[in-house]
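Here is the structure we will look at.
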Amino acid sequence: MIRKKNSNIQKKNKQPKKDINSFNDLLPMMEKSDDFKHLILGSTKNIEIFYYQSLINMEKIEVSLFGKLEDAKVDNLDVLENLLPFSEAEITEDIKIIEEKLLTGFIAVKFINNSQNVLLIPAKFEADRDVSQPEIEFSVLGPKLAFIEDLNTNINLIRKRIKLPQLHVKSLQVGKITKTDISIVFIDGIANPDNVDIIEQRISAVEYDQIMDSSFIAQMISDNSQSPFPQLMDTERPDRVSSALVEGKIAIVVDGSPHVLIAPTTLVEFFASYEDYFLSWHIASAFRIIRIFAVIFSVLITPMYVAVLTYHYHIVPGDLLGTLISSRKDIPFPPILEALILELTIELLREAGARLPTKIGQTIGIVGGIVIGTAAVEAGLTSNVLLILIALAALASFTTPIYRMGNTIRLLRFPFIIFAQMWGLIGIFISIMFLITHLLRLTSLGRPFLEPLYPPRWRDFKDAVIRLPFSVQGARPIITTPKDKNRINLARTNAKRARRK
Amino acid sequence: MQTTRMYLILICCLLLTGCVKTKILDDIELIMTYGYDWDPAAETYKGTAVSPLYGKSEQMEIGGNFRYSGSAKTFQDISSFIQTKAPYQVEVGNLIGILFGEELAKKGVSDIIYGINEDPNIGRDLNVAIVEGEAETLLKQDYNMELTLSRFIEELINNNSKSNIPKMNLHDLNYRLTGEGMDPFLPILRQSEDSIDIAAIGMMKDDKLVHEIPYEQFFVFKLLYEDCEDHTYEFDWEEKKRTVAISSIRSTRSIHWKSKKEVVIKADISGTLTESKNMGVKNFQEKIDIEQAVSKKLEEEGTKLVKKFQELDIDPLMIGASAKGKFRDWTVKEWESQYPEIKITPSVDFNLDLSNIIQ
Amino acid sequence: MNHFKPDISQMVSPFLLLYIIHATQIGEGILSFERQIASIAGFDAWISIILTGVLTTIIIVVIWKIIGDQQRDFMDIHQYMFGNILGKIFTFIFGLYLLTVSVIVLISYIEIIQIWFFPDMSIYFFLFVLFVLIIYICLGGFRTVVGFAFFSFFVTAFLAIFKYEAFAAGHVHNLLPVFNTPFKDIILAIEPMSFSFLGIELILIYAPFIHRFQSGLKWAISSNILTTSVYLFSAIALFIYYNDQQIQLISWPTLQLWKVINFPIVERFEYVGIGLHFIAIIATSCLYFWASIQCFHRLTNFSFRKMSIFFSLIGFSSIFFIHNFLMIEKITTFISRAGVILLFAYIPLLYLCHKIVSGVKKKHANN
């Protein structure tokens, strides 16, 4: 948990550069870098230009700046500013601003005289990829847009969906060295200001030298950072983020990250795919139930196998007994080893598949799944019953829409297996109790993580384990404690609907 | 650092003591059927245990069985004795059948039953039966069957419990052994050429076999004992010298007490007429005729059966238990002295509800 | 007077009383109470269950009256009535009682696990893990404890469904004729029955943790009615399933009933049932443990965390003294009797004293 005292913020503002007072002091340090350019232009060679070649858009500059300055006869920055067709140009002598802007793709223009004033011209080189399809949270139906690494594009994608002046963006900068831009996006009047304050306070209290991705922030500001469960939802779908904002949640957009964080969130939301809203409610509900069943199955099936085969032969029905015994007849290992070996194999395959390019990854999947699996059974190293169960469990764990949660689910079963080996079914129930307690103790922005299951809020069940039709989704979820509680005036819309009939 | 190491050592110690004995499914000897006989010479029980043998795939070695036998004075001892012959650890948790030899059944089975009841590993939904002759010979015979021997006996009794004989698992047997105003009964298995079949129902007085009723009386007994569904009854119509079969019989049974000394067991049955070649039911009169004939026949058979029970002073129909629920001043002693003299009238009401598909 | 007020983030809504009380009441008792009451009142003992339900409902109302509008807990009331030192002694005894209950509930269930699952299991490590679990739950605060009880409620409800087997295979005439046992026996069976209703005394401890406590009375009463009906249902199911001689021979009739239930994937339900019921046991034990720590915490003002670790060590070491089933039974009987006295004698007495004392004090104030 990162909740540092306010004094940290003040400490951070003290820059450790005491001897740099003017632009001229800054120059020697910057010139050590080979991509830092220093040109002198103008008819009287009185204009100095400084920039980082790697940060600016050369084409733009060559045409509109160098061409004009080549023979310019000016000796005043204000005149020059008016002469040049750049909108965001500014004149300053603040050394901190100059340093920062130079490093974010501005060009510094200065006259060779003793004036400390510097004209800063924007010429940022945009090297971001195009907006493309979501890859992790792919959906068959609905919009196919995903966030990219650029902060402004991402906020643009959200604003496109919520055309509202009340959509506020609060900008912060975090990271001692990386100085990463972070924006907190929320709808004023819907989102609870307390939540906004908590997030703002926690983010500004973050003290770390680098913030490379939103997941850094997620791990640092979540309520219990020791938990394997993600307590902030991360998504790459702009539609999901926009919908969360309208529900009164708060989004955290981090520059350089294609994943946007949503808070507060609950456990059940991690098992809801945004595609659920594109399907009719019966089908969506069925899918959600299947997903939750898959999670339970995925966590429990291998431990159950270990427990039953190691201790509880009593509960195996007569019809199944023959199948189980004959499949295990020639296996030299006890069930626990057998299960661990197979589980590790599956994890290896997944890890190898994830690290390799897509095409090779697929091949690895086929080789691993079919060749190794069959060979292991033929060689008498694993039983084919367990092979089926573990393959199903792995498959089931991939149905979780949020990848991060899927990882947690997959690793969760290992402690279960160990407890199952120790005390059989009782061991499994003990680990279930530990899990429930852990989930009960978790919070997301101080809101209970298990809501609406516990504390029981029947009204929030409308969009939890099942998704009810839009006509009953009249109120925003209680979990966000929104200022404006209702989406629509249900009484009015219902009256209207009645009239239509 | 020092304390962390201390904790680690402590946890390791605890982990080591935390281990419990494993019973890995393929490394145990699963006893699925137990047969018991009485050895009068040595005055001991003789136990025969059957455990299934599964091949590499279930289809390969069908119906393989291992048999072990041993003699001892108690149930637990027999298990321990069998352990000396089995390569794996003997486990009785999957027991699905208990068979008693005829001689043991006549001597009384309660010692063995109480021994079984005390083992928490053993279930209650297992079949108990008596074997004509010795249980050991029945279990040691090689049969040519699709299932393993234990499963065969289980399926045999289970399926017959649906149609021919009333259901009687270990719990029901316990219920009748301990309860007042009731006596248990068990199916009797007989070894035929290369198979096993149900030969009779053995009526018991307390825990001793005293009487057997043959297949012909199964239906009447079941009719008087409980509600039944989907039965078939072959009816010899002596007056018209014809045999008809009545199938899909459903019946409901109820006990009506006229007074403390007089009771009517009422069975309302309905069924379909099949195998009625040269005897179609054409009009109401014929329908009533056949209904009455069947009812009369069943009532006669029922009366005969009940008379026999009263003669032997056994109460498998649980009439005593019913009386206990009916009369406030019911006592066991009074009941037992009165039982043989009570007037028990079976009353059967047969209703033909469908005719055949062939006219 | 300055009353104890817990942190708002630990308080729960009054509606959850339904689950808390139900979870504290249903423990190991539901597996064996039928035998105990039937041994006194025969198969008319189900009437005793209803009578006990009525009596406990009255006690609940009395507890509500004692606590009053100011939402005081047991500590405040004791000090208000008996002064500082005597009040503290009483609270201390009460805390010890709660701690003993929480440990004995665990240990007696471990006995079942040993019989059914692992006769050779080392109880030390097992109990150690359980205490880690209990501390983990209790340190989450009252909200977590209640959350656990909330989930355990569904477990017991789910398990109650499985008594259906008894109705399918039972004999209804076992229950007839009604009122055949002397009325005196039915009254006598109230005592063993009320062991299974223990748990409402905890209200005195967690009362300040309930929002709008006074409005919770209806939930508390419905919880008690729910418990009564669960017990009634359970007892009738088992009375139909067993006859009155047979039930006396069986230590845990419910577990024997589960032996008969089977599904296509689970042959013997009792193994799953014992495991599931374990969740309910942990919930009961946890609530008691939390309440006892709360008692001691209020008495001494040491940190809750340290206290719970200290008392769990005491609970854990108790296993070195309680090592056979006779001892467990003896302590269980003793502690249940203490609970019944507490419930039906001490609490009404406390109410009367409270009335008198507050009347006197009011008079003094007026003068």
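So that you can tell them apart, the chains are marked A, B and C in the order they are listed, and the count of residues begins at 1 in each.
We take it that a residue touches a chain if its C-beta (ideal position, glycine included) is under 8 Å from a C-beta of that chain, and two chains touch if they have at least 3 such contacts.
Note that the coordinates shown come from a computational prediction; the quantities given were computed from them, not determined experimentally.
Relative to the whole-protein C-alpha centroid, the nearest chain centroid is that of C. Compared with chain A, the chain whose C-alpha mean position is the greatest distance off is B. Centroid to centroid, with C-alpha atoms defining each point, chain A and chain B lie 64 Å apart.
For this pair, chain B with chain C, the centres built from the Cα atoms lie 41 Å apart. Centroid to centroid, with C-alpha atoms defining each point, chain A and chain C lie 45 Å apart. In chain A, 311, 314, 316, 318, 423 are the positions where the chain touches two or more neighbouring chains simultaneously.
Within chain B, contacts with two or more other chains are made by residues 18-20, 94, 123.
For chain C, residues that reach two or more other chains under the stated contact definition are 118, 121, 126, 262, 267-268. Touching chain C in their complex are the following residues of chain A: 311-312, 314-320, 423-426, 428-430, 432-434, 436-438, 440-441, 446, 448, 450, 454-456.
Taken in their complex, chain B has these residues touching chain C: 14-15, 17-21, 94, 117, 120, 123-125, 169, 171-172, 174-175, 178-180, 318, 321-322, 324-328. The residues of chain C lying in touch with chain A in their complex are 9, 12-13, 15-16, 113, 117-118, 121, 126, 129-130, 133, 136-137, 140, 143-144, 147-148, 150-151, 262-268, 271-272, 274-276, 278-279, 282.
Taken in their complex, chain B has these residues touching chain A: 18-20, 22-26, 28, 30, 32, 52, 54-58, 60, 91, 93-94, 96, 121, 123, 148, 151, 154. Residue ranges of chain C in contact with chain B, taken from their complex: 115-116, 118, 120-122, 124-126, 128, 169, 171, 173-177, 180, 242-243, 245-246, 249, 256, 259-260, 262, 267-268.
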